[in-house]
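Common to both upcoming complexes is chain A, partnered first by chain B, then by chain C.
And now, the complex of A and B:
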């Protein structure tokens, strides 16, 4: 079957197997930022934004998002400039191996759009679905706070 | 301390050199590389823990549309080897085949299926019909050596298995003085047995490899590995392909923690490429990562400590048993590290003993895992000393501190125990353990909390501490090399074998070059871990990279600096001694004349004494300076449920001079959290047939953000004279302490001593009920 998909504002018409997952389709289209880790909806590494909201692409049937708009990390950095969230993650050491970072970045983006000035507890709750084995989370919590500041236009 | 100075690029929080590409989601990990026409590989795995293969029927599977090739033990070389990636000759027994006629754990590879799509390969794999002759398995490591126990490695041709007939993969024993005699004379002797379960690495990127022939017919392997050069050597040996015809490339790696210090994937994709001539790729599914790669060695130690009334520890003994599972990857060395990286901490003893067996079972093979045996050994050692403190009615922190090693001291164990071989004598040149203790105890408020009166109520609180040491590479074994060359714009290429698996080593190596040559970090272009393009390095393990590879990089950069000075002296018509290298210039100190690097390097290419300036260096440590760590935990125990909440965990480390403080602290934070998970809820369970039940993130619980506790990690001011710019290691040590520190805190809170880790609520509640607390 064929579906229409808008990824990072770019329109795609793509032939898929009816049982194919969005994760596989996006990676096949070249959006390699969408990472495969658990493949069973338990780690958050494959998170993408569907109409601005985070979803797990490993358990989302591609067929179910026909005519929908998807955002991946590739769409975040315009003209190769880093997005403030990405800057914040780098500056706080929030990315070690970096494998979880695409999913985390998108979840942060959606979260900060709703809550531009979160406290620690709100951050932990909002990002609970994004596992990281490297950092122990400390630096990533700092990253979200710094990103929020940057997005609010405040200096560090 | 005379070498200390103010640094320009070292000891600075430079952002990671690979950070921007990763953050932008560029295709940088192995699975991101597209190879048109690549075959997808899936393994058929054993469903029995111990069985002989009677027959394999491929017929139905071969009929699945898209299936190209199915290989069994009859189709691949039967060369015995070890999957462990370590110094050669490896101290691990040779006891593995690519595919064997016998399977030894649930998950052992039986057949390789290659197909045009991953789905076709999976469907076909499920249709391969294997007939087994079931054998009785060994599922309890304490029963592995019993008379009449089934023999797991009865195959021909194994090498360096200590006693295959009794399932003993490796054995080690050492003694300084006469431990039993000294114990007898001690005022206090405490002897207890501690058991600690295995742990899963649970790195986010699954094991993944791609193999293909390049245009010149050489075999290229892109792989998620910690050990690219060992991988090339092993592949050359098992497939009988000359080293010169193999290239191993390590791209960005999504975490390893020791789990990628072995060849788990590479042989299987290569077998397909060799057979079909086509590119082949495989990424493990999460359950395969969990149950069919390596796990941590489960261990049990009988720990004995003898002391005099005044709290001087006179004798120590660790008598252990380690479970290496079906194969002996890292069996001997991990076990030795349980002693060699723990016992020297208490160096004032008159006698010390370490001994035990590493045994085979029909469970997933254990291997390298962050800490490499030290956390298992330290759980027993630290807790038994904590128990001694209780007997002596002493403050456990003060007892440990009083007996711990100090700067300028040594331990005979450094010389006796290496990894697989003898070790190396060394004097501890940097040890700021006291500073670590002072800082940590203030933050946790140790003095007011350790003896506090218990409040009546359903919830009780307590504090615990643990001290640790590790090493920095394997002295006189681990070698790392680097080369540097200059470009016209004043930039420098750094090529090195060291393997950045997410730790940030590429970044700190760039900082070391930048500091040596006084050029900005962005002018250092790092390329690492490609067996064709970079010099040799053993890889990322044994906390070696900062110290061993870092010293190689520093030496190469120093050599290059001398060449730059030489050429600048010619150009500026002066003596080389008058030349100083400063801020991307070579400067005549006498008259202030100078030439910029970009000018000089351009002239050297085209018009002046034409030469490509470059330099290389190799480094092998003459010693392995230990980092040190003091960890404090405060817990709250719910007496009605046994639930343990870690209210705060504080880890303060001496890692020498951190090259990049944020990255170094990140290693400590990550390791602390990984240790905390292991202490409380990361618990591997098997069914009655040895099948791992906890093989995904639903059943094997790693810490999530909601489990994040109040964690504070610090690095104290320290400088290791033999390290590059004063640096020692930091990546492993953080995982050594959370388990004993939390055990000690639970004891302080409840009076219950848990000697079986992890400390689940169920376990603790049973003890609470038994003891009527």
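And now, the complex of A and C:
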């Protein structure tokens, strides 16, 4: 079957298997920032934004998102400039091996759009679905706070 | 990927959905949020029937009731203004602890009930509010309660189209115990109380993940009826839950552990509700 998808504002028409997952389709289209890891809805590495909300692409049937809008990390940076969230992750050491960062970045983007000035507890709750085996989360909490400041237009 | 799926159906009406389901009963699966189905890794389903295409995701206030489309996701439900206005922080806070933001954007209220899993925090909370279900099956639309739905055999299971919540003068509390923030509940407890002049006039005590399906504990409800809602009530209720708890053991916890957890969670909820 064929579906239409808009990924990072770019329209795609793609042939899919009816039982196929969105993760596989996005990677086939070249969006390799979308990571396969647990494949069982546990780690959050495959997180993408569906109509602005974070979802897990490893358990989303591709057929269910026909005519929907998807955002991946490839859509964040403009003209080779990093998005403020990406800058904040880099500056705080929030990324070490980097494997979980794509999913984490999109979760943070959606979270900060709803809560532009979060406290530590709110950040911990927001990141509960994004597992990171390197950082221990401390630097990522700092990254979210710094990203929030940057997005609010405040200096460090 | 589900390898043997031949067709992904997006019905435009509930009749169409039910007909497709009936035509391929042994080879088809209904998709609400899709999170359970996607993890099935099964070769059996050949037809996937996506109920999200039915547009059953709105929340409408109708007199003394709130009618909620079964395909609303948990996150939208808990943040809905009509739900917050009528139930305060009960659903807002209780559902905030379920899984992760990603999964809460995917899991639907109807799908959580239909899956009939013992650890469903959603089912426990809805039983505490005595919510009813509008279903569509072989006899057309029916208004049934969640316990009736849970008792239906799999081959007679209808499709849940709406959840009906009553606006009532109760106070609600919920608590759960998990091994990690992301894990399913080892035990969950939902409580509703109707208090008049400091006296408990009516109550509902629901305990889930026992590991059986969530159910009401009528002995506890009768035990606290007409008692004063004071400092002693949490302890009395805790002891009643301990005495009347029924459940089982599985790889997650023993029945003895669950009994203790349920009684302690009960005490904590009532303490919080009473501001004790």
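The rule is short, and it goes like this: the second predicted complex is superposed on the first by the 156 of 156 C-alpha atoms of A that agree within 3 Å, B and C clash if a C-alpha of one lies under 4 Å from a C-alpha of the other, contacts with A are read in each partner's own complex, and residues count from 1 in each chain.
Following the convention adopted for this analysis, a residue touches a chain if its C-beta (ideal position, glycine included) is under 8 Å from a C-beta of that chain, and two chains touch if they have at least 3 such contacts.
In this text, all values refer to a predicted model and were calculated from it rather than measured experimentally.
Of the two partner chains placed around the shared chain by superposition, chain B and chain C are both touched by A:128.
Contact with chain B, but none with chain C, is seen for A:38 once the two complexes are overlaid on the shared chain. Using the contact criterion defined above for the overlaid structures, shared-chain residue A:64 touches chain C, although it does not reach chain B. Contacts of A:74 after superposition: chain B is touched, whereas chain C is not reached.
In the superposition on chain A, A:56 contacts chain C only, with no contact to chain B.
By the touch criterion stated above, A:112 is placed in contact with neither chain B nor chain C. When the two structures are aligned on the shared chain, A:101 is found in touch with chain B, with no touch to chain C. With both structures placed on the common chain, the touch criterion links A:5 to neither chain B nor chain C. On chain A, the surface touched by chain B in one complex and the surface touched by chain C in the other have residues 40, 42, 125, 128, 130 in common. Against chain A, the residues of chain C that register as touching in their complex are 1-8, 10, 31, 34-35, 37-39, 45, 48, 50, 52, 75, 96, 99-103, 105-106, 181-182.
By the touch rule above, chain B contacts chain A in their complex via residues 13, 15-16, 18-20, 22-27, 29, 31-32, 201-206, 252-255, 257, 283, 285-286, 501-504, 662-663, 665-666, 669-674, 696-698, 702-706, 708, 711, 713. Remark: chain A residues 31-40, 42-43, 45, 72-74, 76-77, 80, 82, 86, 89-93, 95-102, 105, 123-125, 127-128, 130-139, 141 touch chain B in the complex. In the complex of the two chains, the chain A residues touching chain C come out as 1, 17-21, 24, 40-42, 44, 47, 50, 53-56, 58-61, 63-64, 66, 107, 110-111, 125-126, 128-130.
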